[in-house]
Amino acid sequence: MAAIAVTSLLVLSACGGGDDAAGAGGGEQTLNIVGFAVPEEANNAIYETFKETDAGADAAGEPEGSYGASGDQSRAVEGGLEADYVHFSIEPDVTRLVESGQVAEDWKDNETDGIVSRSVVVFVVEEGNPLGIETWDDLLQDDVEIITPNPGSSGAAKWNILAAYGQAIAGGASEDEAKQYLTDFVGNVAALPGSGRDATTAFKDGTGNVLISYENEAILARQSGEAFDYVVPDTTLLIENPGAILEDADPIAQSWLDFVLSEEGQTEFVKKGFRSVIDDLEIPEVEGANDPADPFPAPGTLLTVGEAFGGWSEANAFFDEEDGFVTEILQESGKAE
Amino acid sequence: MTASVAGLGGRSMRMRRSVAGGGLSLASGVGLGTALLWFSLLVLLPLSAVVARATTGGWGGFWETLTNPSTAAALRLTIGMAFVVTLVNAVMGTLIAWVLVRDHFWGKRALEVLIDLPFALPTIVAGLVLLQVYGPKGPTPIDVANTRTSVFLAFLFVTLPFVVRTVQPVLLEIDRDVEEAAASLGASRITTFRRVILPSLTPAIASGAALSFARAISEYGSLVLLSGNLPLRTEVTSVRILTYIEGGRNGNAAVVATVLLAVALFVIVLLDIIQRRVTRRG
Amino acid sequence: MASSASVASRPKAVSRPKVRRRGPLTYVFRFVVVAYLVLLVAWPVSLIAKQTFADGFSTLSTAFGDEEVTAALGLTVRVAVVSVLINLVFGLGISLLLVRYRFPGRRLLSALIDVPLSVSPVVVGLSLVLVYGGRDGWFGPGLEDAGFQIIFATPGIIMATTFVALPLVIREVVPVLEEIGTDQEQAARSLGANAIQTFRRVTLPAIKWAVVYGVVLSLARSLGEFGAVKVVAGNVGGKTRTATLAVEHKYQQFGADNLASAYAIAFLLAAVAVACIVVVSFLRPDVSEKR
């Protein structure tokens, strides 16, 4: 019995040691990326290109990436999940790490105000758009079943809800009327999965008939052979995803961030369906977009969080667990069942 | 409280009072100490941490968490559905055990494997397979994805072995003489079952039901892909706890977790009492 | 009508009733039970095999070609093996202590041993985070300062897996230890054998099969843990993503290849579970009445 105990202890310690060696494929430096659910493929593609550059010559074979719902990932990093670079869906998820001292306060002081990827809110529908959904009001029809993620965990969810609410106001509705729109919208929601990607999966599996999601998610899905169509509504919200380096990150993280913001980095994002943060970037053909030659049409009215709501601290208050009106609407809708 | 628990295939681990053992020697004392230390570090301490964390908010915080509409709904759904499933299991489990013990046909051995499979199958795989058949893309017109029925189905799947495995060994041991006597005195089969067999089985059924209930309220993995996790509609308690954890609200999570532990404990004790009562009478 | 006299040579034969009524009810019961089990278990599980092998072996080869899949499988196996070893060693120890010795709190300990089976995996994860979490766990910050990261790293996964499978070896071994009694052990002792020799030569062979059952069940349980690992692991691809987490992850990614990988891993896990059950089931004596 003693022999078994000793052996198991040895195996145990060997395991612990083994893991550290496992990551180092090519070079020495490992990059720990913690991101929201959707950009996993994009970040991996960027990393492949990054390794070719001088700055990335020292990078290990693969990045160590953890992807999940934005809010959950942010809290995980706060709780000890190892990270060098974080790429979250919404700014408050980075702010949390600033408050915990893990990210420098001046993380936003660069040309893009801390934003590394962009997209817009779109409607993802079944092939051929059988229900003919084109506008936000179409979503309120009787036979429409909406899939959108849960704002408690998902950043994508907040973008979606803010878009739904903001477009009503932009269209001339009062705050109460806009809240009524949101109530009706939520009434048509069939499922609230945990993250943007979870929502796409649920939709793929046959739940609901319209998915509110990121444009890049729809494009990537179509690139991978999924038979979806997507509609960019006339009024929609500009999605801006922040990226930041942690205070105690490996030096390679800074090179990485610089690369992400460079033309090559952004081109990789574009190829995966994101909109570029660099204004005059030459856009290649993007497979999977509605029109690959003109993949990112400008919507009639493009709202931003800053202009429509006065910034994220105001907007985030809508989702407050105690007294945010969105939380209230969500709970009311459940009770009505 | 000593629950009579049966391992798969029917062994009963009831602590006997008379054990031919002595007190502890030094070596075994050290062994016991080590074992207790390991058990404490791994199980007891963490579970106490949950209860401790739950009480940090005082009764006020405790109540506030439980009255949150989503949380209350999750608890109602979970406990209610577990109760229904346990009732179904009590009947079906006994029936299955009956057929396994009293009937003989080719391929019966294969049934044994099917019964134990839910115990060994990873829950995420269980959810995946149930989704395949009873989801929107399944071969039947039945689509339970994102409904409460999916919760029922998942619970039914994962709790399948428990009543069967507690009843089976008891059924095996039953002396057929009494049944014979009843039959020869003119009792119908139903009466024989009700008056003669069932009383012997009741403790075993109760024991299996307790395990089945505890397992059902704890279920998580199979519901991830299957139930849609809709707050106030199809969200079960485990999912609710996870939402709290991922939301950084360990305190709330601990409160709900403590309630789950308490409910499981309550049902186990209750059924243990029932079991003793029936045994004493019989 | 008297039951048949036990002239039977087989010691475990149950007395056979002379009258064997095989009415329609028997067939009804049989049908209901078989239908129930097929609809609930057999059919769904068989669909996994069907999905996996729909394109022949290409699904499996795609999956094995994916580094993330092999990393997840490797991690799961490593964790399961360690976890089973730990539960075997301590399980044997605790079983012996529970059965062969008397000490205050023995019955309480016996009842507590069963607790892990009734705890939700998410609660298991939470409990470990509360104690060993790096930020505000009881021991976590201290341990991490000393260099031991538990939560979001492999040791945490091992602990969670060990927790959930903890009672399984003990539940198998304890009844057997009780049944065999101490006669042989006492005899060995009186002949001069020390504790270790007694254990190796006398006790262990007697409980051999119980140990095997317990190990096989623990293995199945350890390979399949999902909820607890989800809470403690951090889901870092290639590093802390187990096979079960990989099933969920791959299922959610786009593309037929990823879906195929999800099914392939699920199939492998299911196949191992079935194998474990079959092993245990066939090694056990038949638990039905003898003909």
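Should a chain be cited, it is by its letter among A, B and C, assigned in written order, with residues numbered from 1 in that chain.
Everything below uses one rule, namely that a residue touches a chain if its C-beta (ideal position, glycine included) is under 8 Å from a C-beta of that chain, and two chains touch if they have at least 3 such contacts.
For clarity, every value in this text was computed on a predicted model and none was experimentally measured.
Trainee: Mapping chain-to-chain touches, which pattern fits: line, ring, star, complete or other?
Mentor: Chain contacts: complete, every pair touches.
Trainee: Could you tell me which chain lies farthest from chain C when each chain's centre is the average position of its Cα atoms?
Mentor: With centres defined by C-alpha atoms, farthest from chain C sits A.
Trainee: Measuring from the mean C-alpha position of chain A to the mean C-alpha position of chain C, what distance in angstrom results?
Mentor: 38
Trainee: Would you mind pulling out the distance in Å between where the CA atoms of chain B average out and where those of chain C do?
Mentor: Centres of chain B and chain C (C-alpha means) sit 16 Å apart.
Trainee: Quick one: report the Å distance separating chain A from chain B, using the average Cα coordinate of each chain.
Mentor: Each chain's C-alpha centroid was found; their separation is 39 Å.
Trainee: Which parts of chain C, given as residue numbers and ranges, touch two or more other chains?
Mentor: 93, 129, 251
Trainee: Where in chain A do residues touch at least two different other chains?
Mentor: In chain A, 76, 78-79, 201 touch at least two other chains.
Trainee: Tell me, which residues of chain B touch at least two other chains?
Mentor: Expected reply: 225.
Trainee: Please name which positions on chain B make contact with chain A in the complex.
Mentor: For this pair, the touching residues of chain B are 69-70, 73, 131, 135-137, 143, 145-146, 225, 228-233, 243, 246-248.
Trainee: Write out the stretch or stretches of chain B touching chain C in their complex.
Mentor: The touching residues are 1-3, 5, 7-13, 15-16, 19-24, 27-28, 31-32, 34-36, 38-39, 42-47, 49-50, 53, 92, 95-96, 98-105, 108-109, 111-125, 128-130, 132-134, 156-157, 160, 168-169, 172, 175-177, 179-180, 183-184, 189, 211, 214-215, 217-221, 224-225, 237-239, 241-242, 245, 250, 253-254, 257, 260-261, 264-265, 268.
Trainee: Taking the touch rule as given, give the residues of chain C at its contact with chain A in the complex, in rising order.
Mentor: 67, 71, 78-79, 81-82, 85-86, 88-89, 92-93, 129, 133-135, 140, 144, 149, 151-155, 158, 196, 199, 234-239, 251-256
Trainee: Per the contact definition, I'd like the list of chain A residues that touch chain B in the complex.
Mentor: 69, 71-72, 75-76, 78-79, 150, 152-153, 190-194, 201-202, 205-207, 330-331, 334-335, 337
Trainee: Contact residues on chain C for chain B in the complex?
Mentor: Against chain B, chain C makes touches at 1, 3, 14-15, 17, 19, 21, 25-26, 29-30, 32-34, 36-38, 40-45, 47-48, 51, 90, 93-94, 96-103, 106-107, 109-132, 136, 138, 159, 162-163, 166, 168, 171-172, 174-176, 178, 181-182, 195, 213, 217, 220-221, 223-227, 230-231, 243-244, 247-248, 251, 262-263, 266, 269-270, 273-274, 276-278, 280-282, 284, 287-289, 291.
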